[in-house]
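To keep things clear, I will list the structure first and then write my remarks on it.
Which chain is which? They are A, B, C and D, in the order written, and residues in each are numbered from 1.
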Amino acid sequence: MFTTNPFDDDKLHEECGIFGVSGGEGAAALTALGLHALQHRGQEAAGITSYDDRAFHTHRAMGHVAGNFDRKEIMDPLAGDSAIGHVRYATTGDSAMRNVQPLYAELAAGGFAIAHNGNISNASRLRRDLISTGSIFQSTSDTEVIIHLVATSRQPTLIDRFIDALKQIEGAYSLVCLTGDGLIACRDPLGIRPLVMGEREGAVIFASETVALDVVGAEFVRSVEPGELVIVKDGNVTSHRPFGGDAAARPCIFEWVYFSRPDSIAGNRSVYSVRKAIGAQLAIEAPVEADLVVPVPDSGVPAAIGFAQESGIPFELGIIRSHYVGRTFIQPGAEVRRLGVKLKHNANRDLIAGKRIVLIDDSIVRGTTSLKIVEMMREAGAKEVHFRIASPPTKHSCFYGVDTPRREKLLAANLDLGAMTRFIKADSLAFVSIDGLYKALGEPRRADNRPGYCDACFTGDYPTSLTDHEEQAAAAQLALLEERVG
Amino acid sequence: MFTTNPFDDDKLHEECGIFGVSGGEGAAALTALGLHALQHRGQEAAGITSYDDRAFHTHRAMGHVAGNFDRKEIMDPLAGDSAIGHVRYATTGDSAMRNVQPLYAELAAGGFAIAHNGNISNASRLRRDLISTGSIFQSTSDTEVIIHLVATSRQPTLIDRFIDALKQIEGAYSLVCLTGDGLIACRDPLGIRPLVMGEREGAVIFASETVALDVVGAEFVRSVEPGELVIVKDGNVTSHRPFGGDAAARPCIFEWVYFSRPDSIAGNRSVYSVRKAIGAQLAIEAPVEADLVVPVPDSGVPAAIGFAQESGIPFELGIIRSHYVGRTFIQPGAEVRRLGVKLKHNANRDLIAGKRIVLIDDSIVRGTTSLKIVEMMREAGAKEVHFRIASPPTKHSCFYGVDTPRREKLLAANLDLGAMTRFIKADSLAFVSIDGLYKALGEPRRADNRPGYCDACFTGDYPTSLTDHEEQAAAAQLALLEERVG
Amino acid sequence: MFTTNPFDDDKLHEECGIFGVSGGEGAAALTALGLHALQHRGQEAAGITSYDDRAFHTHRAMGHVAGNFDRKEIMDPLAGDSAIGHVRYATTGDSAMRNVQPLYAELAAGGFAIAHNGNISNASRLRRDLISTGSIFQSTSDTEVIIHLVATSRQPTLIDRFIDALKQIEGAYSLVCLTGDGLIACRDPLGIRPLVMGEREGAVIFASETVALDVVGAEFVRSVEPGELVIVKDGNVTSHRPFGGDAAARPCIFEWVYFSRPDSIAGNRSVYSVRKAIGAQLAIEAPVEADLVVPVPDSGVPAAIGFAQESGIPFELGIIRSHYVGRTFIQPGAEVRRLGVKLKHNANRDLIAGKRIVLIDDSIVRGTTSLKIVEMMREAGAKEVHFRIASPPTKHSCFYGVDTPRREKLLAANLDLGAMTRFIKADSLAFVSIDGLYKALGEPRRADNRPGYCDACFTGDYPTSLTDHEEQAAAAQLALLEERVG
Amino acid sequence: MFTTNPFDDDKLHEECGIFGVSGGEGAAALTALGLHALQHRGQEAAGITSYDDRAFHTHRAMGHVAGNFDRKEIMDPLAGDSAIGHVRYATTGDSAMRNVQPLYAELAAGGFAIAHNGNISNASRLRRDLISTGSIFQSTSDTEVIIHLVATSRQPTLIDRFIDALKQIEGAYSLVCLTGDGLIACRDPLGIRPLVMGEREGAVIFASETVALDVVGAEFVRSVEPGELVIVKDGNVTSHRPFGGDAAARPCIFEWVYFSRPDSIAGNRSVYSVRKAIGAQLAIEAPVEADLVVPVPDSGVPAAIGFAQESGIPFELGIIRSHYVGRTFIQPGAEVRRLGVKLKHNANRDLIAGKRIVLIDDSIVRGTTSLKIVEMMREAGAKEVHFRIASPPTKHSCFYGVDTPRREKLLAANLDLGAMTRFIKADSLAFVSIDGLYKALGEPRRADNRPGYCDACFTGDYPTSLTDHEEQAAAAQLALLEERVG
């Protein structure tokens, strides 16, 4: 319960979760546990590569970690004390196995496996350049660009070649790489995607979120810092700063809004507490007289508790969510399919009838689910339905590894507040302000000249250059062609 | 979120859910939706039989409704305006396909399909008698006994034969049967298992719970009454009372404690509201000074809200439950498996540290999960851990279709309150009283000479004779042999 | 090579092969080997039931013996020193698992498993009678009738009940049954279907053909005699004659023409030698001047060798048959599908060009394959194509367990010799005479008043009454309905 | 029947068959038919790449052509008028999907697909060089070397780059490549592996053997000549001689001995007729007094017919081969496994008993099967068993794409004739002489200074340099490592 809601097609989707361990007995099994705790970051596919000082072992599979990485015949061959793993959410239509990570290549300098969370914003240009000099790509993944840059680098050592490659890429990336020269973890200069470091009985562990450390019984040590490259070899941890300088960090603010699990600690702040604080801030910014505070489960729950505690209006489970909707259930027949809406969310009728309710959700993307939920409340007899959203309006696409719909599908990019309220048929609608969001994160307000987070989806203020951006129409066509070629 | 918790191996398990529709276009698709809403009552297997006035069509499958009954190639052949369906939780080890319902037989009087929720307490004796006169059983299911009783009855019509069969069986049963003479729904004389009737665009619908009516957009009409047999044929609904007399109803009280979904209305009472009332009653009966009320998710949530509202102690999500544990995830290796405990429940550390917490759960069966959760709270820094249980101690086995562990595994059957408290390592432990439970259901107290519910699991007061009970050791052996024969 | 040709859709198909072993270590594994050697008698499904003096163990599977009954996880549970097995060719469209044999039932007298080769010609009538008194059928197989007759018999012992059942059935049957009272083998009063007995290290073995004895290293002992029932219990073999009298045997003559493997000994005659003798007889009855004798592979080979040796015309492989056509290979697209004909048979062009050839095949059923082969020879440059058939014209349906097309599809039932010759576009066509066929079997001619074989498919002289025959149209409908009900 | 025998583990195995079509409607379906006819050249995996003037479409699968490339959902996406295909026999243990051909890469010059029959004898060295400059290999296949050589070539056009690549490779190769610039077919300078060209309704077709032309209804045009490169583009066929010079052709002589189907025409000679001629030559070189000539089916049949015709001893089917042994059938249990030998070959006992027999087989590799067959003949009562082999002793490994056992496993590399005779327990044993083999191919004898065929497996006379040969131990280790990495 109460983890973020991975099944919703009206939510933004994180692309990936990554995990790595160096120096731990049963490294692959630890990685499987860690990936399981990160499953909400990507349900499409999962993979693990281990290294036993002699050889690399990889298994990748479509589907969940459970059911794949808990079978003896799969886990036993993943031998060794080091491993990296990846869970994937596919942003493009190309969900072929060849795009499932970790990617692996045998380079002149030895084996090299990589798992990536983020998005390289000049990947298309780099790809074209590499192909023109004879590199052969096997996937449509931007991550493969990094491998070819490493393979063709003229630097002397594998680590030098890897740094040489990083210097050529733009965008957002948290990476874990497994090599014969150690486990490498690194984070882009702005630290857009998260990456934390932990320790367990001498083993060094990296993960996208602290819950993955909890699950394997590891202590949280610190976050990998923006622009930092950490190498772990034979128990020695060394920290490198290949990009020099010190651009101010800009971690993705949506991790606190929705992506991370509520029981994770991100940037030294409890995700659950931040969400409650956003709810409380909403109650201050957009109060309403009502009988019940009702969360849209599961992601709206912490903010709803915060709103209820601040406003004094009782928190109640007015919407019940089924456990079983993670699995697709598409009935043939339009009439029956229409009914299927209630498979996922059902009104707690007895509670709702005759009441004024405040619905709390984390965000509105397309607005289609919000509309259905308001209608469901009305049908169950609600007297008034007020919608409060625990994030500012989502108006801009993300180019850093989050699957945002095109702008024409984003409700807030196309309608003003009044029109949105009418679209979802609510009696009132309010979003937390951007300054309110920063307040919940402990800052007095958004420092517009030097904001502490990447909030481009709300503000359009992109912290990096976007080389491929104009080239993307062409790139989309290419991806389509590549997919057809299969 | 917030539906009952079907994945827990330290919970009692409902055996089944049933659904039937007569006179509805796309009857099989409606049945699939209804079964999906009843999935928490049985995840092992599902089946649907439809009738199109010429022939019967059946599909049965291991696993969930979703993924099986949403594929065109499966649904299209299930033609007709009438259908019945079943979701199954296996009480015995025999989970072979042949036990998956609906069961179907071609009788002299025509085709006959049946889906059953409950348990026939003289099934073994009847089975032996039938075999001795030449009946050949294909399953180990008690339900098949009913079919053979119908097949060998000397009564003139199929309905008469069915009533003849019912008069020979003892125990708990809610049944839906599909025949060429109409859809039949009936409930045992004490109404131990639930069955409700609804209506949708002229179609008559039966289901174990009202949520299944909600999902298909049907109106709730009434409960099928204890001892009532309802026949629906060509839109005509006729009610029969084959057992005459009027034994007072004794519906299973555990439906309100745990089995039913919180958004169901059972016996005219909102399950959610009853659970909140139990929580409030617990706060009155067993108050405690504490900083937080924390539900054991998901089933403890409504009672925790009730406890929090009554006590004024804040409700907080101190335990986060993963969405993904429904799928088995058993890591090889004892050490790693030990870690896996946190895959399902993880402490919200930031919230728990330094706090006195009240944990609320619906029941304690073996106590193993309770112990793990208390330990997890301690490890996360809880200062005090008080456990409050929203049902009386579970001390007796159920013979009416609920999978209870043997008595030697039931914690409350073997330890007194103090020993239980020490076993789960809590600072204090309290259960709601049996009278308190009846209060939450709107009665002043349990009327011991004429209690309104079957509460045998708490009191040992079984409302029917248990013919097979003494014969059960032998029966268990038989089932084992039959299973081996495969 | 050279076994009978099981893949051909223009051949008659045997329904089944059976195998049984009593008192042999690893009985199920021996049975799997034996069934593999009988695979040509049925490729659709296979099954084995074993008995270990405590319980019966069954596994049944669609598909071949290999790939199913050679996996440790399947074979290990099939414990015990006795076992029976079955390979099945489906005569009706109903190929559901429930029809796969051995069938098993738990009767009042204990477990009873049965495997059947043949066809019960009054099964439909018996089935209706049994249903009317309360028997519930689970399959559409005629074999299940026997089980219900045993179950409902009032005789005292299981053996008595089995004999009681046999006395009620008509038609052709070779049976092996596994019971707690021993292994039973029996053959219908006319011995229409084959059944032989062997011995291996103290174990008694029954099989449809001697090749199955060869494969398990058993010695051939004797044929089970027509009307004989053999019981093997604890190493004791007892022979019974439940039908008394002594109708003259009428074994199916087509076993020597096509069904049995050439390396089998049937009725004390080598199948290979009989086929060669038929070929030689053909050369005497229907000589032709030609350059080459070419068999239609594989079933025409022995007769072609016989024809070549008798005529002095060289035997040559003018048609090459692919190993891989056992697997279906149906290309989408009519044009390409037309080409696919050569996938199975290809002309050995270099050999054929400019030659006068004699093609030898075992039989003509629909004639479609014969036509294609003649065309293929012409296309490869053959100067003359003479067709010689190693059996008389197939003019009548079989009701004894062989899948014959309806009479309107049988070429010889509809055309005279001249028209058939034109249909297949041959320069000449000849069939061996019925007397010639008996000669090849060592008799002077067919004794028309008391023929030694069932040759009804050639002569229409059916040796039993055919109770269901007129009722078959209705029965076909029933089967269709039952199949739909699934 | 009578195709070569692909199931035998005591035979040499061809690595591959290839097929290509340019300008034919339904090119992929034609390719599937062609590959099916070449299935005996490789049963492990199959693949097809098509090109529809806009995009390349590939499907590759483990297993047979039938069952994979006859399903509409697979064939429909393989659109276009050009296609190439491949059937694969794995020489190394690495049977991963990534090694299944055609291999495909998107190069700077466009898409490039390749299918290869043969073996590149300097692949390991080239691979190391390519990796050192940044090429990333995805397979362990030698064929991928060609693609990387093309990708990194500095030549201006794709064709030029392909020729540049060919000039760097050594060994045996017949190739078909699909590009946006046309279909390319080529054969190594010595023409070691076969490749023929055909024509069908304007489409140009290439195939390893003429049977594949027969099956698709194409006319044989000519062989692709050794060292020739043929390009087909828009119906224009151009022939190129990139290697200049004119080394005398050295086609693999084993194609006539065993690899090719008997109905193929190779080098203008009927494979069947050559095999018969070898048999006749054997009868001359090594005559014996006997009663029967018995082929070891299926591959020994043509030579046995030749031996019988030359010697006058009757040809008889003394060994019957099952149709069903293509599928693995490995019984658990050593005792039962021992019996399994007869599953594949069974003695035709009635024929063998008391006779002096001449067994004819195409070759002896390890000798294990020969021994079993001699023993089987003795057990069936043969009075004398004389073994005659339709090829010279196989003494040397092949480096040109044939899977030969290591020399220590080759019977003839380790024993002299007498010892071999004793090993297989025959009364006598003789091989055809190397000159006799050449005679059967129409030459007076082997011209030792300029032999017309590659006969290295018999003579050790390798026609090319073997760059990797000394490096092979290392290469074997590398392959093992790569395989582990998975």
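Annotations for the structure displayed:
Operating definition for what follows: contacts are C-beta pairs under 8 Å (C-beta built on N, C-alpha and C of every residue); 3 or more make two chains touch, one makes a residue touch a chain.
If you're wondering where the values come from, they're calculated on a predicted model, not measured in any experiment.
Touching chain A and chain B together: no chain. The mean-CA centres of chain A and chain C are about 63 angstrom from one another, to the nearest whole unit.
Rounded to whole angstrom, the centroid-to-centroid distance between chain A and chain D, based on C-alpha atoms, equals 51 Å.
If you average the CA atoms of chain C and of chain D, the two centres end up 37 Å from each other.
Within chain B, not a single residue touches two or more of the remaining chains.
Taken pairwise by the contact criterion, the protein chains form one closed cycle in which every chain touches exactly two others. Chain pairs that touch one another are A-B, A-D, B-C, C-D. The residues of chain B lying in touch with chain C in their complex are 54-59, 77, 104-108, 111, 131-138, 147-148, 151-153, 481-482, 484-486. Per the touch definition, chain C reaches chain D in the complex via residues 1-3, 5-7, 25-26, 29-30, 32-33, 36-37, 39-40, 64-67, 70, 72, 75-76, 211, 214-217, 261-263, 265, 270, 272-273, 297-298, 301-302, 305, 309, 314-317, 320-333, 335-336, 339-340, 342-343, 346-351.
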